[in-house]
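Labels run A, B, C, D and E following the written order; every chain starts at residue 1.
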Amino acid sequence: MKPIDLNEMGAIGAIAQEAEGKWGMVIDQDLCTGCQACVAACSMENNIAFVGEEDASYGRSLQWIRIERFWEGEYPEVKMTPFQPMLCQHCHNAPCEPVCPVFAAVHSPAEDLNLQVYNRCVGTRYCANNCPYQVRVFNWRDYERPEPLNNQFNPDVTVRRRGIMEKCTFCLQRIHRAEDLAKAEGREVRDGEFTTACAQACPADAIIFGRLDDPESRVNQLSKPDRGYQMLEELGTVPRITYFKEG
Amino acid sequence: MSKKISRRDFLKLAGMGAATGAALTGCGPASRYVVREPYTQMPEYTFNGQSTYFATTCRECPAGCGLVVRTYQGRALKTEGNPAHPVNQGKTCARGQATLHGLYNPDRVTDPVSQSTRGSRDFSDMDWDAAVQVVADALSNTEPAAIAFLLGPAPDHLFDLVSDLTGAIGAPAPVRYGALSMFEARATLIQATESMLGESRLPVFDLANAGVTFSFGANFLETWLSPVAYTRGYSRMRKQEKRGYLVQFEPRMSQTAAKADEWIPLKSGTEGMVALAIGRLSAEVRGAALPRAFVDVDVAGVAEESGVPVETLLHLAELLAGAERPLAIPGGAALSHINGMATGEAVLALNAMAGNFGQPGGVFLSPVPPNVDEYHHPASLQEMGAFVEQMKAGDIQVLLVHGVNPLFELPNALGFEDAMKSVPLVISFATFPDETALQSDYIFPDHHGLESWGYQRIAAGTDRSTLSGAQPVVVPFYNTRATADVLLAAFAEVGGELAAALPFADEVAFMQDKLLPLVENKDANFNAAEINTFFAYFQQLGGWWGNQIAFTAPAQNTLNNAMTVAAPEFEGEGEFVLLPFVSPVLAESGANKPWLQEVPDPTTTVMWNSWVEINPDVGHELGIENDDVVRIVSEAGAVEVSVYLYPAIRPDTIAIPFGQGHTAYGRYAEGRGVNPLDLLGLKFNEAGDLAYASMRVRIEKTGRKRELARLESKIGVYGEGLGEEH
Amino acid sequence: MADTVSLLAVFPDLEPAADAIDKLRSLGLAHDQMNVISGIPVTEAMLGRPSQWTNVPRLALGGAIGGFLVGLFLVFTPLLYFVPVGGQPIIPGPPSVVLLFELTMLGLLISTFLGVFLDSTFPSYRPMQYVPEISDGKIAVFFNCPEDERERYTQAMTDSGAETVKEAEAQQL
Amino acid sequence: MIKNIFGWLFSPLGRIALLIGGLTVLSLAVWGISLTQASPEQPIQFPHNRHVNFGIQCLYCHPGASRGPVAGLPTQTKCWGCHQQMQITETSELLKPLVQAVENNEPIQWVPVAIVPDFVQFNHRPHIAAGVNCEDCHGDMTQVTIAENPQVFNMGWCLNCHKEHSVDNPELRTKLLDCGTCHY
Amino acid sequence: MASTTMPMEHAHSEEAHLREQHLMLDPRPRGEMNAMIMEAMHYTTWKFWVVAAILGAIVLVGLFGSWGYMIAEGLGVAGVNRPVFWGIFLVNTVFWIGISHAGTFISAILRVFKSEFRRPFTRAAELMTTFGLVQAGFSIFMHMGRVWLSYWLFPYPNQRQLWPNFHSPLSWDLLAITTYLLASTMYLFLPLIPDLAMARDRTAGGWRKNFYKVLALGFRGTEGEWTHLRNAMNIFAFAIIPVMFSVHTIVSWDFAVATRPGWNSTIFGPYFVIGALHSGMGAVIMVLAVVRATMKNMKYFIRPEHFDAIGKLMLIISMGWAYFFFNDYMVQWYGGDKWTEALLHWHEAGPMGWMWFLMLIVNVAIPWLVLWNKRWRSNPWIVFVVGLLINVGMYLERYIIIPISLTINRMPFTWRMYEPGIEIPLSIGTLAFFILLYMIASKLIPLVPVWEVQEGQMAHSMKKFGRETVVTVSELE
C-alpha cells in the first residue's frame, strides 16, 4: 500500500506542483488571446478529424483543446471573461480511468499521463461522462478526409475510426520522440527541447509545457502561487495543468 | 546551380513515398496486402522513418511568417513556426497551421485548363506547352498597354518578375490588391504616417514595450498587418515588470478588445475625435502647455458625438498622462471613414504628444525590406476603381490574375464582374478554383505555396530588414507549374529582343538574380561568398534578415497645426451602421480549408458559417432571436444571414465577418455564409481607401431560422432555456 | 431379476395411494422397492414414505464455493498485468466485494440448476415406466414384486382403490 | 419447420451431416486464418538466405533499424550497387524484375511481411539498442528466401519479451509495460 | 365487497361467492385445468398472426435493420453528443432491467413469504424478467461504439494478458446482468419442467411433441424428481432475491459513482430498486390484463382478486418510490453545490421541465388517487391504465436521470441538449421484440403453472368461524 499523501487526497488543496508528476503545463490566461492557433495546431499534429457543420453544431466537434469564454455584465459594462483553453488536464487521479471496463482509459505510470488506448476502446463513453472537464471527444462517425487530405496524416499518431473515444495526449508521440532521441544520445530530455503542438504554435506563449519533476524547468520557474490555480481542484483529481488568472 | 537541381530531383523522388500514406490510416488491423515502395534512390538528408524539415514562408497572408515544415517520405505533415524568423519567432497562427489543408485540398486545380464559356465550369485539360503558348500569344499579340496584371500581396518575387516583364514590354505596372489591405486601410495609414512622420511607409508600433496602449480599432491580435508579430508583442507587453495596460476603442468588441483592460464602445468613425479629446485632456492633466494641435478640440462635443462620457474621456486622459510609455494605434476600421485621414493623424498625434516616435514602446517606421528602395503598397480601393473603369472602357485586352480573388475580395459595387466582360481574354493562375478563376478563359494553376519557390518582403512586423525565403517542401502534387516559370517560358517563346530582357531559365535563376545584391551585405543572419552558397543558406534558414534593428523615426514637430476631425458621415438609410470585420480564423482565403472552417471564431465560437452580430437588447426590441435569418439591406445590396445576439456591440451597430460567402472555391467554401462586401458602397476617404465602416443598413426579418454551429453552449453561456436569458 | 415383475398402480387420490403403500409395506416390500409418481409435489410424509435424499443443497454450496474461487481469481487478475487507473489501488477493495458476490451467486445458482439435472439424471430420453394420467392429478405407485405373487399384489392394489394395475412397461415418453 | 429440424437432427444421417458441416466450417476458418499468415506474393523472390550467407549484415540493407522507427527497404540503387557487378544479374530469370525496375527507374512494389497494426507505434531503435538481435523477432534469415514471420506479432508476444527483459529493473518495467509506450 | 354480515340462510351463497372470488377456493379437476391451459396455448386467431406479423416487421426493420445501419454508420445517427454521451439506449437498459424485476419479485419474494395469490401468474411474471433482460442486453450493446468488440468486456484468458477492468461499474454491471439473466432463465425453467411434461403427455405428435419432449427432459414426477426440484426452487427463491437487488443497485452505481452533479448520491441504490419494482409491477399488471383479455380460459385463472392484490402492492411501492425520490431530492437540494443546484433548476425549469412534473403526476399522484379504492384496483382495465402510466413515468424518470441530467456538468461551456435520432425506431423495436417474444412464448409454453395452482387449491379450504366463512390455508410444505 502506498503511504497516504495529503496532497493527493485533496485535503490541503491538492497542489500538483507539490505532488509528484512528470509532465505538466502552465496556461497563462492573461496572455491567451483566444486566437485558436493551438486548436488548429493540435488538429494538424494529431490527425483530428473535422466533422462538418451539422455535427459541429450538435456538440460533436472533435477538437482536443477548446477555448472557453463567458460574459460578465451587460452592455456597455460587458466584459468577456479571460479566454480559457480547456484540454485534458492529465489528472493524477483521473476519474475517467477507473470507469472504463476494458482498460482503454488508463494511467501511464512511466509518464504520469492519462492515456486513451484507441484500439482497446469499445465506446461505452463512460469516461467522457465521468470527466469533470468534458475534454473527451468521441468519434460519432467515420469522419472521412477525402483524398488527398489524408496525405497530411501524422504517421506517429493513430488515425481513429468511428466508435472510439479520444482526447489530448500531451503530444505523447513528441514525448516519445524526444525521449528516444535523448536516450540514443545518452542523456536526459532537456527542458524546452520539445514541446506540445499547442504550446509550440501559441503566438502569445500562453501555453508552456515541460517537466514538473525538474525544479529548474520553465514550467516550475513560471509558477506564481498567487495567480496559479487548477481547474476544479476541489474534486481532488490533481490536474497537471496550472492556470494563471488574468492580471 | 547543381545544388538546386539535386534538391528538385530529391523532391520528385520523395514524392514516391506518398503511396505509403494509405497504409497509415484506419484504426483496424492493417491489411497484410499493403504495398510498399522504397525510394529508387535514397535522397540526401533522408533516413527511413525520419522526418525532414524545410524552412519556407507562409503564404496564407502577406505578413510573411517563417515556417518550418515537417515532411515525411515526401508528404508535408505539419507546419511549425521558424524559431529564427524575425517575424514570428517560431510561432504561427491558426491559418498558418492549416496551410496543409490548402496543399492537400481535394478541390485544387490539377491541370492547366481552358473553359468553354466563362463561369460554365466546363473545363478541358491542356498541356503546359499549349498553356505557355496561350500566354505567349497573349503577350505578343496584344498591344502592351492593354495587358494588365492583377497580383495578390504575395509572393514578392513574382511581383518583381512581372514588374520587370511589364517594364520590358512597356505594359502598365502590375496592380496588387488584397482584401486585408482594404480592411487595414493601408493607404490611409501610410499617408497619415507620411504626414505625421514624414515618410511614406508603414509604421511599426512597439507594443512589446508599451506601458499603456490605446488601440483605436486596431485588431492586431487578429489579422491586422502582422498578427503573429503583434501577438508576440502583446504577450511581452503583458509580461513586462509593470503589466502593460490596453484600452481598445471600437464599436464592437473584437477579439483584441476582449483582451483589453478597457473597451470603449464609441460610435463608429469618432475615433479621431476621441483621440484628440483625450490628447487635449491629457495635456491639461499634465499641466503642460496645450499643443496647438488640440486647441480646437471641443471635449463636450466629442463626448456627445462619440457616445463616450466626459468622465470616461477624463479617466482615459489621466491614464495616458500618467503612463510611462503610452502608445496609440490607429486601426483599419477607424481609418475607413470619410474622416479616415484626419483620424489617422489624430491618433498618431497622441504618440507625438507622448514623444514616443523612435522610442521603445513607441512608433517606428517599418524597415525598408531588402532589394527594394521603397514600399510597394497594394492598391487602394479607389485605385482599384480606376482599374475597373479601365477594364470597362475596353482599355484592357488581356487580364492576368494571380494570388488574388477580386470577385470575392472587392465590393460588388465596384463592378469588377461586369468589367471582366469587357476584357476579351482573362487568364487566371489560381491554385484553387476561386470565383475569379471560374470567370476566366484559362486557369493555369500555380503551385501551392508549400510547393513554390519565392521570397516575400516583410512590410510590417519586424524590427529589421527582412526577406523571407520560400522553397518547395514537397514535390508538386498535381500537374501545376509555377506562374513565374510560365511567364518566363512564354517570354522565351515570344523571343526576340524582349526575351533578352529576362534571360532566366526558371524562377530560381530569376530569384538568384534578385538576391545577388544581398550577397554583398555582410551584416545579416548569414554570410556567403557567392550566390549559390548564399541561396543554399537562404533556403536553409528561411530567408535573409539584417542584424541591425532598423527602426527609424525622423524627429518632427507635428503638433504645431491645429487638428480637427470631422464628424463621421454615413451613407444610405437604415437604423444600423454596418461594421464588416475580417474573420480572425478565415480571413480572405481560409474558407476552403476544412479545419479552419471548423476552428471556432474566437469571439462568437461560430463554425462553418457567417453571422450578423446584433446587440441583444436591440434584438429583443425587434423581436429577433438567435439563429433567425434576417435580411440586411443596404443601398448597395442585401444579404441573408443568421443572427448572433452579441452582448458586446453598440446598439446602433451590426457586424458581419468577412471570409465566407464564396460562390466557388471548393466544396468547403462554396455556398457557405455571406460576403459583407456585397453591402458596401463606394465612398472613399482622402487617401483613396474605402469608407467601409460608414454604411447604414436596415434589418428585415425573413421568418426563417438557420442554426449557427457554435462551440459554446447557449445554455451555459447565455442561460438559454433556463428562464434567465438576457 | 427374472422372477420379479414391475407393476404400476394408478390411484385417483392421495388417500388410496397412501393406503396402498401401507399395504405394500405389510406385504413385505421395502421402501426402496417402490416409487411414487405424481403430478404435483406430494411430500413423503403424506404417503408415509421416508425422506428422499437430495444432493441439491450440497451441490449448491459447492457451486457457491467454486463461484467464489473464480471470483477470487478475477479479483486478482490485475496482478497479471499492472494497469493503474485513477489513482486507485491495483486491486480495489469494494469492487472486489461486488465481484465476489456476483460470482458466488452465479456459481450457487448454476450448480443448483445443474444439481437438479444431476440428481434426477436429466435429461433422459430413454423409454421409462410412466403413465401419462398422472399429469391429470393421478398418483401412480410403482413397485417390483415377485412374479409368482403378482396376483396378490394386484388384488391388494385394487382393494386400496387403484383404478388400474398393470405391468409397467418402459415406454417412450 | 421445427419438426423437420428436430427430425433431421435425430436421424443418424443427420448427425453425420451435422458433423461434416461443422468440420467444413472449422476447416474453412482454419484455412482462412492460415491464408492471412502465409507469406504473400512478392515481386521478386528475394533469397534472404543467400544474401545472409554472403555475409551481408542485416543493417546494410535495412539501416533504419539502428536509427529510428523503421528499418526500411533498400533502394534499388543499393541493390544495383552490387548487382551491376555480377554476371548473374544479366542471366538470372529471378533478377529480371530488378533489372527492369532499374532501367525504368520505377520503384519495386514490395509487400511487407513483418507488420504491426497501425495502432501500434513500434520503434526499432530502442530494441536494437537494448541488444535484441534481428533474428529474435524476424527469425533466422539463413533459412528462408522470402522473409517469413516466425511468430504472430501480437501484444502478448511483445509483452512477454518486455517482461523478461525487465525482471530486475522496476523502472524499466514500468516503462516497458506502460500502455502508452506503444499505443498513442 | 362482502363487507356486510350475511344472514345464515345465505351461508351457501356466501361460499359460492368466496369460490367465485378466489381461484384457490374454486378447484377444478386437474385434467380440466390441463385441458384449459392446452387450449389457451393452441387457440390462435388470425388476429394473433396479424399482430405477430406486424411486430415481426417492426423488429426486423426497427430493431435489426436500424441497428445494422447504426453499426455501419457509427453512433452519429443517434442523438448522443457532448456532453450527453449517454442517451436513450441506457434509458432503455435501465427501463428493461427495471421491468425484469417484477418477475423475480413476484415469483421469489412472494414465494418466500408464501403469498398464495401469486400462484397463477408467477410464470407470466418470470417470462417478463427473462424477455425484459434480453431487451436490456440488446440496449446495452446498442449503446456501445464498437459493439463488435464487446467480447472484451467478458473475462476470458487472452494473449494480451489483459482482463476486464473490475474497477469499472460497467464490468460489475455486465457480471450482474449476466448472472441475473442466467438465474432468471433457470428459475423460469425449473418450475416449468412439470408443466412441460404435462404438455408432452397431452400432445399427440408433431413438432410440438418433440419440442415438449426435449424440454421436459424426461420428467416423470417421481418422488426424487419432485424433491430435487422443490429443493432447487427453494434455493433459487432465496438466492435470486439478493441477485435481483444487486443488479439494480449496480445499475444505479453506474450513475452514483460518477463525479457528476446530481448523480453522485448514496440513495441511488434503493431508489433504483424501488423504481424498478414500480415499473415492473406496472408492467406485470398490464401483461396480466392483456393475457386475461386475449387468451382463452384465462378468466378462470386470473381474477380480479389478483389485480386487487397487485394493485395494493403497486400502491405501497408508489409510496416507497415517492419516499426515496423525496429523500434524494431533499439531500441534493440542501447540499447547495452550485452545479447540483443548476441541475435541479434545469430539471424543473428547463425546456424539458414538463417531464419532471409529468413524472411526479403519473408515478405518485395517479396511483395514489386510484389504487386506494378496492373496486377500481380490481378492474383490470383501470389498473392497466395505471400500470401504463407508471411505466411512462418511470421511463421519464430514467430519461431525466440520464440524457437530461447529462446536459448539466461542471463545464457550462459545453452544455447542450439531447435530441434522439435513430434511438426512436430502436426503442420501438425492442418493445416490439419484447411483445413478440412474449406472444410466441404464450403459444409454446403453459403460461399458468398448473401444478402450482393445483397444489394451492389443495391447500386452501373454507372454514366457519362463528358465522363467517373464511379462507384457510394449510401449510403443505
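Basically, a contact is a pair of C-beta atoms (placed from the backbone, for glycine too) under 8 Å apart; a residue touches a chain by one contact, two chains touch by 3 or more.
In this text the structure is predicted, and so the values were computed from the model without any measurement.
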Partner chains that chain C and chain D have in common: A, E
Reaching chain C from chain B through chains that touch each other, fewest steps: 2
Chain whose average C-alpha position is farthest from chain E's own: B
Of all other chains, the one whose Cα centre sits farthest from chain D: C
Chain with minimal offset from the mean of all protein Cα atoms: A
Computed distance of Cα centres, chain E from chain C, in Å: 30
Whole-Å gap between the CA centroids of chain A and chain C: 63
Centroid spacing, where centroids are CA-atom means, of chain A and chain D in whole angstrom: 36
Centre-to-centre distance between chain B and chain A (centres being mean Cα positions), rounded to whole Å: 31
Junction residues of chain A - those touching two or more other chains: 59, 66, 68-70, 95, 97-100, 103, 106, 109, 118-120, 158-159, 164
Contacts with two or more other chains, residues of chain E listed in rising order: 161-162, 165, 167, 214, 411-414, 416
Interface hub residues of chain D, defined as touching at least two other chains: 117-119, 159, 179
Pairs of chains, among all present, that meet the touch criterion: A-B, A-C, A-D, A-E, B-D, B-E, C-D, C-E, D-E
In the complex, chain B residues that touch chain A: 18, 21-22, 24-28, 72, 75-81, 88, 90-98, 100-101, 103-106, 221-222, 227-228, 231-232, 234-235, 238-239, 243, 253, 255-256, 258-259, 263, 265, 477, 584-585, 594-600, 602-603, 605, 607-609, 615-617, 647-651, 672, 707-713, 717-718, 726
Complex contact set, residues of chain D against chain C: 159, 177, 179
For the chain E and chain B complex, residues of the former touching the latter: 345-346, 349-351, 407, 411-417
Of chain D, residues touching chain E in the complex: 1-4, 6-7, 154-157, 159
Residues of chain E touching chain C in the complex: 29-31, 34, 155, 161-163, 165-167, 172, 175-176, 178-179, 182-183, 186-187, 189-190, 194, 197-198, 200-202, 213-214, 216-232, 235-236, 239-240, 242-243, 246, 250, 451, 454-455, 458, 476-477
